[in-house]
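Structures follow.
One chain, subunit A, links the two complexes that follow: it is found with subunit B in the first and with subunit C in the second.
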Partner chain A sequence: MEEIKLLGAWPSPYSYRIIWALKLKGLNYEYIEEDLSNKSDMLLQHNPVHKKIPVLIHDGRSIAESTVILEYIEETWPQNPLLPSDSHEKAIARFWMKFVEDKEQEKAVEEAKQQLKIVEEHGLGDKKFFCGNNIGLTDIAFGWMAVWNDVIEETVGVKIMEANDFPRLHAWVKNFKEHPVLKDNLPDRNEMLAYYMHKRDILLART
Partner chain B sequence: MAEELKLFRTWSSPFALRVIHALKIKGLEYETIFEDLSSKSASLLQYNPVNKKVPVLVHNEKPVCESLVILEYIDETWKQCPLLPRDPYEKAEARFWAKFGDEKLLSSIWNVLITQGKQLEEATAEAVQNLKLIEEQLKDKKFFGGETIGYLDIAFGWTVNLISILEEIIDQKLVDEEKLPLLSAWMQNFSDDPVIKDCWPPRDKMIAKYQAMREPYLKKVVSQ
Partner chain C sequence: MAVLEVCVKAAAGAPEILGDCPFCQRVLLTLEEKKIPYKTHLINFSDKPQWFLEVNPEGKVPMLKFDEKWITDSDVIVGIIEEKYPNPSLSPPPEISSVGSKIFPSFVKFLKSKDPSDGSEQALLNELKALDEHLKAKGPYVAGENICAVDLSLAPKLYHLEVALGHFKGWTVPESLSYFHDYVKLLFSRESFQKTKAAKEHVIAGWEPKVNA
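So, the complex of A and B:
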């Protein structure tokens, strides 16, 4: 009997990537919430190098780094494939997964808008999801954009991803949130807003 | 249909070396197109419009970008001399350490290049710590891939060349044979491999290039 455990933290988009992948594969798992201000021995034991979540523990063996975990899940449980079978299309999917890892740190508004334009035109194009009609690992990697982005925008009071400027991305966000499996596995928006507002207050109080 | 492989790269890019090593191990013929990054060719911009970077591998007119993504593509497309392990868990471990190399190790080695004095001591200590973690993955194997060169050896291959260049520039050992015996041996084995050893970029040009990259950081400290 397979044993799958996920060490995660509820506000983390990286944590949710794994939840979404496991749910899309129809897998049962035990979720363990980590308090990142007081990391458990289990986390330190299973990810001694980075001491971060998410960590997947499958039959006692641990895998860290969300994109590495996503690929592991895809290879270990081939049902409901989340990557294209064609090697070139797979390479494109992986390229965009790397792109979103590198670009998450964009702070300046103009740069962020430029990056979004690139994603909309070159990544998404006319497709429903990044790799076609079905949701895949690339969509999961971009998931923060579907769920966290507008909460962050509301928290800081700056709108970057306007519907008029990014119609395809907005359509993708809607399709992502309405996906039959994902829609019941999204963090609560009010709780997220409260969480990020609180974080912001702390930061502002310090300056 | 005849396979057509083109590799867009610069003369010095460590990430391009990864692709070259993989193609050579697989015994694949390819055409090299050298890019001048200050004046990118129309072809490069056409094949990689998103981030306009090298290396780009173009296979029968289909471009693949990002060196580690290219490695996986090569391994999946040409099955001879497999680079990645078969087992998903071992594959995950290889990918994890390749990512570690590109993030933690690369930035710590960069810090060694651009610092001096006390900061250099700290940067060196951190780089050596990261190298120690990587050395532990060798265990008792000749290569990270086992008896033969694999994905992780290729992913780390840039360290073999760049570290020796750095050591000459800063006149200090980073990979000490006593402190990092297994890694030292691995570097030698990797360099001596008949497929790898003719691929290194010209050493004197590399030293000049990295010396030039270091200069502005040294000047900045002196002027403060």
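So, the complex of A and C:
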């Protein structure tokens, strides 16, 4: 019986990407919550290069970097495929996964809105999920938008992803949150809000 | 029974006196309200002790020693205390956990503002009014009859608000927000608050560099 462990941190969207992938594949795993201010020996041992979560440990061997872990999961457990089988469509899926990795850090509101526009029109288009009717790795990679975005918007007091401007993204968010497997594996909104507001208060008191 | 050890910020320039960190005060208030015996280590921020930096390289406060492990982050610390010492309960009902949560950021924005027409004063007043109305309907504490963790988190911040805005802007919360004023009086008069608050001059000294940046 194979053994899967996930080292994660509950407020992290990267950690959730792996939870979602494992759940969608119907895999059993042991989740270990890491205290990032006091990293465990296990984390330091299994990700000595970056010392970050998430880390997947499969039968004693570790994989780090969420997008790399996602690909590993997809390859190792082919049931409920999360990538299209057609190689061109697979490439497009990976293009958008890379897009969200590179572009997440927009600080200016206008630039953030432009990035969202690109995703709305070119990434999502009229599809239900990024690769069609079924949820896949690209949706998982964009998952932070479905869950974290509105919490961050509320914490910071700035709305970027208005429903009127981004109807398709809003529809995608709804579909993501209502997905039968994912809907029971979303972080608690109140807890997240309290967490981010607390972090913001600390920063304000310090700077 | 082992006494809990907690590291808190010392006053700047007076390392033998309790400092102005509101997150430290929140933890101390929690320990006091639950009547848990504790020992404080006052950490001098201009000269952090070696042993402190060894267990806490980022030098963060507050820090609590629990089960031989040092824990940081007041949210986590307060959560652990509540779990291990559930009586009296300070656990807030989930629907009030965000009451007053925007007061601190809007206070900081107004405090640092150099432009009287930037709307920051009004934004703060809106948040204070919202709290006032909540207390009118549901008070005297945010969750009703009994004090809870949300009150203990807010109290130090409201103290900072009163002291800093009074000193730097000559500003006070309008008297018309009577429920707010009653609430503040109630919080500040509690024995736990009197025991754990920083002296006004240290609160002012703490905000000085940020206001005049």
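Going forward, the second predicted complex is superposed on the first by the 207 of 207 C-alpha atoms of A that agree within 3 Å, B and C clash if a C-alpha of one lies under 4 Å from a C-alpha of the other, contacts with A are read in each partner's own complex, and residues count from 1 in each chain.
Throughout what follows, a contact is a pair of C-beta atoms (placed from the backbone, for glycine too) under 8 Å apart; a residue touches a chain by one contact, two chains touch by 3 or more.
For clarity, every value in this text was computed on a predicted model and none was experimentally measured.
Room for both subunit B and subunit C is found when the two structures are superposed via subunit A, with no clash between them. In the superposition on chain A, A:A205 makes contact with subunit C only, not with subunit B. Of the two partner chains placed around the shared chain by superposition, subunit B is the only one that A:I118 touches, whereas subunit C remains out of contact.
Once the two complexes are laid over each other on the shared chain, residue contacts for A:I63 go to subunit B alone; subunit C is not touched.
Of the two partner chains placed by superposition, A:V158 touches none, neither subunit B nor subunit C. Contacts of A:M197 after superposition: subunit C is touched, whereas subunit B is not reached. In the superposition on chain A, A:A91 contacts subunit B only, with no contact to subunit C.
Contact with subunit C, but none with subunit B, is seen for A:N38 once the two complexes are overlaid on the shared chain. Between subunit B and subunit C, the minimal CA-CA distance in the chain A superposition rounds to 21 Å. Once both structures are placed on chain A, no subunit A residue is touched by subunit B and, in the other complex, by subunit C.
The touching residues of subunit C, counted against subunit A in their complex, run 21-23, 58, 60, 69-76, 94, 97-98, 101-102, 104-105, 108, 157, 210.
Only residues 49-51, 59, 62, 64-66, 68-70, 72-73, 76-77, 88-89, 91-93, 95-96, 99-100, 133 of subunit B touch subunit A when the two sit together in their complex. The touching residues of subunit A, counted against subunit B in their complex, run 49, 58, 61, 63-65, 67-69, 71-72, 75-76, 87-88, 90-92, 94-95, 98-99, 118, 122-123. Listed in rising order, the residues of subunit A touching subunit C in the complex are 35, 37-38, 157, 190, 193-195, 197-198, 200-202, 204-205, 207.
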